[in-house]
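In the two assemblies presented below, chain A is common to both, partnered first by chain B and then by chain C.
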Partner chain A sequence: MSAGRPVRRWLTGVGFLLPNIAGFCAFTLAPLVMSFALAFSNWDILRHNLFRKDAIRFVGLGNFSRLFSDLQFWRDLGNTLFFLLGLPFAIAGSLAAALLLAQVNRRRVSTGSALVVATVVLVFSGLVLLSGGMAQRGVVFLFGTMAAAVLVSGVLTGGTLYRTLFYIPHFTAGVATFVLWKKLYNPHTGPINAALRPLLDGFSSAVCAWPGFFALGVPALAGCAMVLLALVQVRRLRRRWDDGEAGAAAVAAGILALAGPAMVFLHWHGMGTGIAGGLAGTVGVALFGAIVRRPRRWGPIPTNDAGLGSELSLALIGVPLLLLLAGAIRAGPTLPAIAALGIDPPDWLGDYAWAKPALMLMALWAAIGSNSMILFLAGLSNIPPELYEAADMDGASAGQRFWNITWPQLAPVTFFIAVMGVINGLQGGFEMARTMTLGGPAGSTTTLSYFIFTEGFEIGRLGYASAVAWVMFALVLVFTLLNFRFGNRDAND
Partner chain B sequence: MRTTESNPSPSTARGLGLHVLLTLLGLAMAAPFLWMILASLKTAPEAGDPAWLPRQAQWGNYPEVFRVIPFLRFAANSLVVAGWVTLLQVLTSALAAFSFSRLEWPGRDRVFFLYLATMMLPGIVMLIPNYEIMVRWGLMDTFLGLVLPSAFSAFGTFLLRQFMLGIPRALDEAAEMDGASKWRIFWDVILPLSRPGLVTLAIFTFMGNYHSFFWPFVMMKTVDNYTLPVGLLFFDSEHGQVTHLLMAAVTMSVLPLIVIFVFLQRQLIRGIQIGAVKG
Partner chain C sequence: MKRFFLISVLVLTAASAALYWTRPENRGTATVLYWMTQNDPVKRETVALFRQWLVDQGLPPVDVIIDHSNQDVTKKLVQGVSGVGGDLIDLYFCELETMQSTGMLADLTDEAPAAGYAASTTYPAIVSDFTVQGRQYGYPRNVDMTMCWVNRDTFARFAQPEPPRQWSWDEFEERGRRFVAAANPPGTRQRIYYLNRVWPPVLRRGLGLTTFNETGTRCTLDDPRNAEVFRRVRRWTVDEHLLPTVADQASMLADGTAYDSSFGLFAAGRFAMIYEGLWALIRLRPLGEFKLGAVEPFTGGFKNMEIASGAVAVYAGSKHPGAARQFIRFLASEPFNLLVARSGDSMPPLPEFGRHEAFLHPPGFEGDWETKAAFARAGTTIGLAQSKSPFVLPSVVLKIDTDMLQTVIAGRLSPEDAAKEEAERINGEIALTISQDAALRREYERRLEVQRRIEARRAAGEGVPAAWIRDPFHLAYYRAQGWLEKTEGAP
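Up next, the complex of A and B:
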């Protein structure tokens, strides 16, 4: 280690870095600083351009305070966060796909049995073809043939074909997907409504045939399901508390997730928000007390929140489910009257209430077969098989194997996907809205990135748009920190 | 005993069930894609009909697309832009990753942390200043302006660094003993061994840039300079009612990606398995 060495080493190191860091400074670091400065300026293309050179002024927090009273900003922020609700489902979907695909190579299947099933499918679809005209039934035959072909070659090649099929959404990513789904969602000529129409007709005639069942039975069933789910969750929480797997915070989060939909439901039934909230809150506190009370020991409530992350991820999936059930209870009594008039499939992208769910459904399709699935597949194959063998020795059930081995072992992958999903989700939505809905109807699909585009590139308020971009960055930061704190990253420590 | 020995029969039944399930789900995933291809073969009146099958396949729709929009031009633009971005990004990322993973120099880890930190930034924050830079440098509506900002990537550097860390040190130490320069070690030892990582990054970059929309959309003003995504949007807004031609155009636009995936999928997955996400 002579005196000249460190300098030389530094020169070599930086020399290799040079091409990259030059571009990094020019197109990432410098714009970053510039954007930060812009966010505090009143730069507006209308006032500061080639022909009119007003001085660009520093306006302090002016842009940000204007944001607070900008109703459009709040609406778009709400839309963006609403779209983010799809992320847990997207992650769950791609994980499920990866789990299924990973199973293929573990289970050997004889080619003969696959051939038998394929022949049955082929004969059946051939019969369907014979019974109707080519144009009408042809598609059943087509799908039958394809199913048979996929099944046989899937058994023979062991998974590659399925993987390619699942990965198909990735090829049509971006504008191609959006243009395609715009046609699929077309209420008059699209295949989605064409498939829904007979189903809904059948449904409404069923409702007309048994109006009593749908008016009373369905809400009763949904109510029972809701109570059952709540009971299972309370029992689960109770057990986790007793085992010391979940702290007070986790139990409170679990109860809150149960009480939230109940509150919305009570509110729907004409009760004031205050009364509904009070009722739900009382029940929640009572439940919390019932779970946390320990007959043997009256010491201070432990505050460790080891289970908080998993309770929150469960709530992210469970709350929409409970709300759907609440919707079924609410809609049940009016269903016969609606069905008598005939139920039409929704207008999807043209309908204020359906546009967002339609886009989220499309995003779910795209997310299941995305890079997340490939990442999960890679993560699954990195789990040492000895872990599963040990679990089998102990007689673990499939659920236990998943929660105790697969889920913690996948933690770094899930964490990476969740963080990237939040970053992309918060700044996404522009291409989708621009291609499919132009942000409409009535602004229901305008996201923050669309807002930035409109403000910055159409109206030309570059300073204001930059301020919005930095608010977005702050949001990303908050979500990422939450992810770090509560996300599934156990295996990292 | 029962659980371990009686495997054959229940396992076959469950395995077959798994295959049937995967077949059904796979077809469901592929159904929109299938509809697209079938719709691209319809006649104009048939395109307004929700039935899936065309009465007779209209292969003439595909050449027709070339007459309605400059499709080949768009495709060439996209391929050239995505190709250059991929080449430059893989090259600069590999150099930087070598510096971060194999060379010791003061301040290295701090610079690397800065790279990592910027990965979390929403790209949209940089969009407006980058746009201004392009206006200043007179690069609006040029391909150079389209390629340059994407040619340097913190993500690519991170990915390749993780990959190179997995290559045994003994290899370059041996080369150093033989008196090889750092450059020779990079070019002749590390780079060939990083091939799966390079391929993975190249596929990610190519696919991402082939699809990228926001930047070309604000940068390109001349129709002849449009890339495919912008061109498809242009087609949709100009001739959106012509479903069959639009679907033919979309089908052709995804073709190169399918070819790439079919040929490189094994390497792609191996590359991810070895290096990418380890915390």
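Up next, the complex of A and C:
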């Protein structure tokens, strides 16, 4: 820029900035301030508008206090938080995708072996086609051919195709994707159930052939897995406590992650909620006491909340897994009877129990190849190779390299992704539910953002809707602060 | 870069100018009205006929543009209160009260008698569809009754008896079970259903129950009869598969909404019957030749049927209120009523055209004659308007009702608990409304007093004056039970 008088330069600068500032003020700042004011008013679009100018009254905290007795609000908040449970899986998926893509970039897969794999897949698909006929096995053939095509193309393009494929969901228009998934989820004609049906038929046949194994063996295996996981968790908590990596709060969170599913398990097996809770709680407290009374072996004594973020993150993955195992124990004995009647694939979007997981699964698909994956890829490329070389010289295994180098080095990226994921998760869900389920069945997929839309624009209570929006903002803030408080220790290290 | 920026600005400016000058308003001298309605052949014919009618009346020309992309209730509401609503607004089920409460609908009460479109010129049963508390906000463009359409070919294909003209819900269940078993071979996925949907308010009325009490001051759905309706609908959907679930409907779709698809599925024999209004003829006629019939909705006792109208209102912020009112006048004219009569778009708004040959025996549509006669007969004998309360929006009631029924079908609540929660939620909405609106609060107090008197009389076994009862169902039910006072009087 040419040098001129300071005032003129300042005016030029402001001139360039003005359109943006004006736009921000008009479309962001003003609505924000206005919605804050509205949250304390009784503004109802039906009574306060261009044609009907009833006085808008200040109602203080009335809208907020109403929230507490509004069953719909609590149900929709519960749905929103439930959808948030998919976040750890989305982060894990993005990281796994980034790691795989980084591997493809680092070491090009041998063209010859890849082609062999692709050929095998194609031949197998062809055999399936021949044995069953196109009509019955068409979907299987389609998937097989597509997988082979992706594999071959990936080999030929050296991973560029994979990166593009993974990223496609992110830049595809949301509504188009939702409509596509709606077709995929179609219980009778969708390809997902078409692919599941032969698998479930095979599973039913297997259950009918070995009813004893499935009725007793599966629950026994699931039970063993539960016990094993519990032992691993207790041992891990004890070691982290001994090493000074975990404080009392972290140990408590880790124990709670075990006690919660245990309580549910006991309740499912006929125990009253109180007794089940008491029993699981007593064992949990005993375990907690046994761990935190142990003397520490190393270094300075950590604060109580040290390591809490890691424990909470692990709990988000561990608790659903334990519940799944508990479910297997419960369902096992009834499997032969169910299989005798035939197991139908889920009614994904029409069944109350399946609608939420179906939407989560779709969101997971979109999240794995999103910006998170790009950020992880960038983070991976920034890890100094000397660290891996040093680990190799020390004889570290692949797992040790990941846990001791990759994961800690990616901590700042993971933290950022987690924060953004929580914010987007709490605010999102509207387009998805509106397009795919209209919030149903029976409100099972209505999120807070959908609730705000309904209250504001279908019923017209803009004051109340604004209050809900600000409560949502408060939730985002609290979650973000918690993330900053407990989640970024490794990042700062 | 500068050049690129400049060219972009010039192109955008030119495009904006071109857009402005090619707007319908700037293309000619005629006044342009925007009509927020569906874009179907009858509406297009209505527009052409209106233009001709203006010429015949010696009135200045008016162009009506059908704005079907903004007919969603949310869009109508938001655009309306923002001052950019369409000049003519179609009002469907539940929408009148929402729009009227905003003040965005022009009050036509005072001018209606002189202009020839007073409420008294149409069927008394549908007056509540375009009037609120005695004030008129529109005029019907058709009068619709909802019955069970029967695809007689489908029944013949599976050698099943067609339903009788009048039937009970037990008969529906028994016949439906047999039909579904015959139409869907064992071991195959169910493809054919007996009926596409049911309407719980009609079923409730069959048991002597409706959404509100006599004065609209309280929701009365916390009642074993409502639970019984929920239980039956769940059984028909989940256990007997006489009706499709939402997912079943979705799986049968190729395109469009579940609602739109019903007609195609009905014509294709996937639904033996559909529960729709007479206006369905517009959709069914283009779907080919098949034998149609219509039977009254089944109930658990008290025979009743839904009667409603599609009304057109004038937007209070219209730039052309005079031209818009001419359109309302046109709705009460002979040419328009004859158009509705022969088109199949329900019944014409003027009762005399419901008895007209053009309606009963439209030439070229001989297959419809019997059906139309069935609708006309049922409409005059068992047709009842929707139950409404001025203290809660009908759209909110519908949303809660749908939500609760879905909850029962999903097995999340027992029918009894759902009935209880439904009443609690609707009564909560009533309490909220009267706490925020002083005028409505006064009206509520007044009606509450009337309600107390009604209940006292009922408890004493005395008759109740008909003028005390605001709800159309209660009025008909009281009359049928002989609970009305012989000499009627206002409280």
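Here is the rule we use: the second predicted complex is superposed on the first by the 407 of 493 C-alpha atoms of A that agree within 3 Å, B and C clash if a C-alpha of one lies under 4 Å from a C-alpha of the other, contacts with A are read in each partner's own complex, and residues count from 1 in each chain.
In this section, contacts are C-beta pairs under 8 Å (C-beta built on N, C-alpha and C of every residue); 3 or more make two chains touch, one makes a residue touch a chain.
Source: prediction; values computed, not measured.
Chemist: Contact-wise, after the overlay, does A:W74 reach chain B, chain C, both or neither (first, second, both, neither)?
Modeler: neither
Chemist: Tell me the contact category for A:D347 with respect to chain B and chain C: first, second, both or neither.
Modeler: The answer is second: A:D347 touches chain C but not chain B.
Chemist: In this superposition, which partner touches a larger number of chain A residues, chain B or chain C?
Modeler: B
Chemist: Pick one for A:F27: touches chain B only (first), chain C only (second), both, or neither.
Modeler: First partner only.
Chemist: Of the partners chain B and chain C, which touch A:I452 in the superposed model: first, second, both, neither?
Modeler: In the superposed model, A:I452 contacts chain B only, not chain C.
Chemist: By the touch definition at the top of the document, which applies to A:T189: first (chain B), second (chain C), both, or neither?
Modeler: After superposition on chain A, A:T189 lies in contact with both partners, chain B and chain C.
Chemist: When the two structures are overlaid on chain A, which partner does A:W403 contact: first (chain B), second (chain C), both, or neither?
Modeler: Touch partners of A:W403: none, neither chain B nor chain C.
Chemist: Per the definitions at the top, what is the overlap between the chain A residues touching chain B and those touching chain C?
Modeler: 182, 188-190, 457
Chemist: Any idea which chain A residues touch chain B in the complex?
Modeler: Touch residues, chain A against chain B: 6, 9-10, 12-24, 26-32, 34-35, 38, 97, 100-101, 103-104, 107-110, 113-114, 117, 134-136, 138-139, 142-143, 146-147, 150-151, 154-155, 160-176, 179-184, 188-191, 193-194, 365, 368-369, 371, 374-375, 377-379, 381-382, 412-413, 415-416, 419, 423, 426-427, 430-431, 434-435, 449, 452-453, 456-457, 462, 465-466, 469-470, 472-473, 476-477, 480, 492.
Chemist: Spell out the part of chain C that touches chain A in their complex, as residue ranges.
Modeler: It comes out as residues 73-74, 77-78, 81-83, 98, 101-104, 189, 245-248, 250-252, 316-317, 393, 395-396, 399, 403, 406-407, 409-412, 421, 425, 436-437.
Chemist: Would you pull the chain A residues touching chain C in the complex into a rising list?
Modeler: 42, 44-47, 49-52, 71, 182, 186-190, 347-352, 440-444, 454, 457-460
Chemist: Could you please specify the touching residues of chain B with respect to chain A in the complex?
Modeler: On the chain B side, the touching residues are 11-12, 14-16, 18-27, 29-30, 32-36, 39, 47-53, 55, 91-93, 95-96, 98-100, 103-108, 111, 115, 118, 120-133, 148-149, 151-152, 154, 157, 182, 186, 204, 207, 211-214, 217-218, 228-230, 232-233, 236, 243, 246-247, 250, 253-254, 257-258, 261-262, 265, 268-269, 272-273, 276-279.
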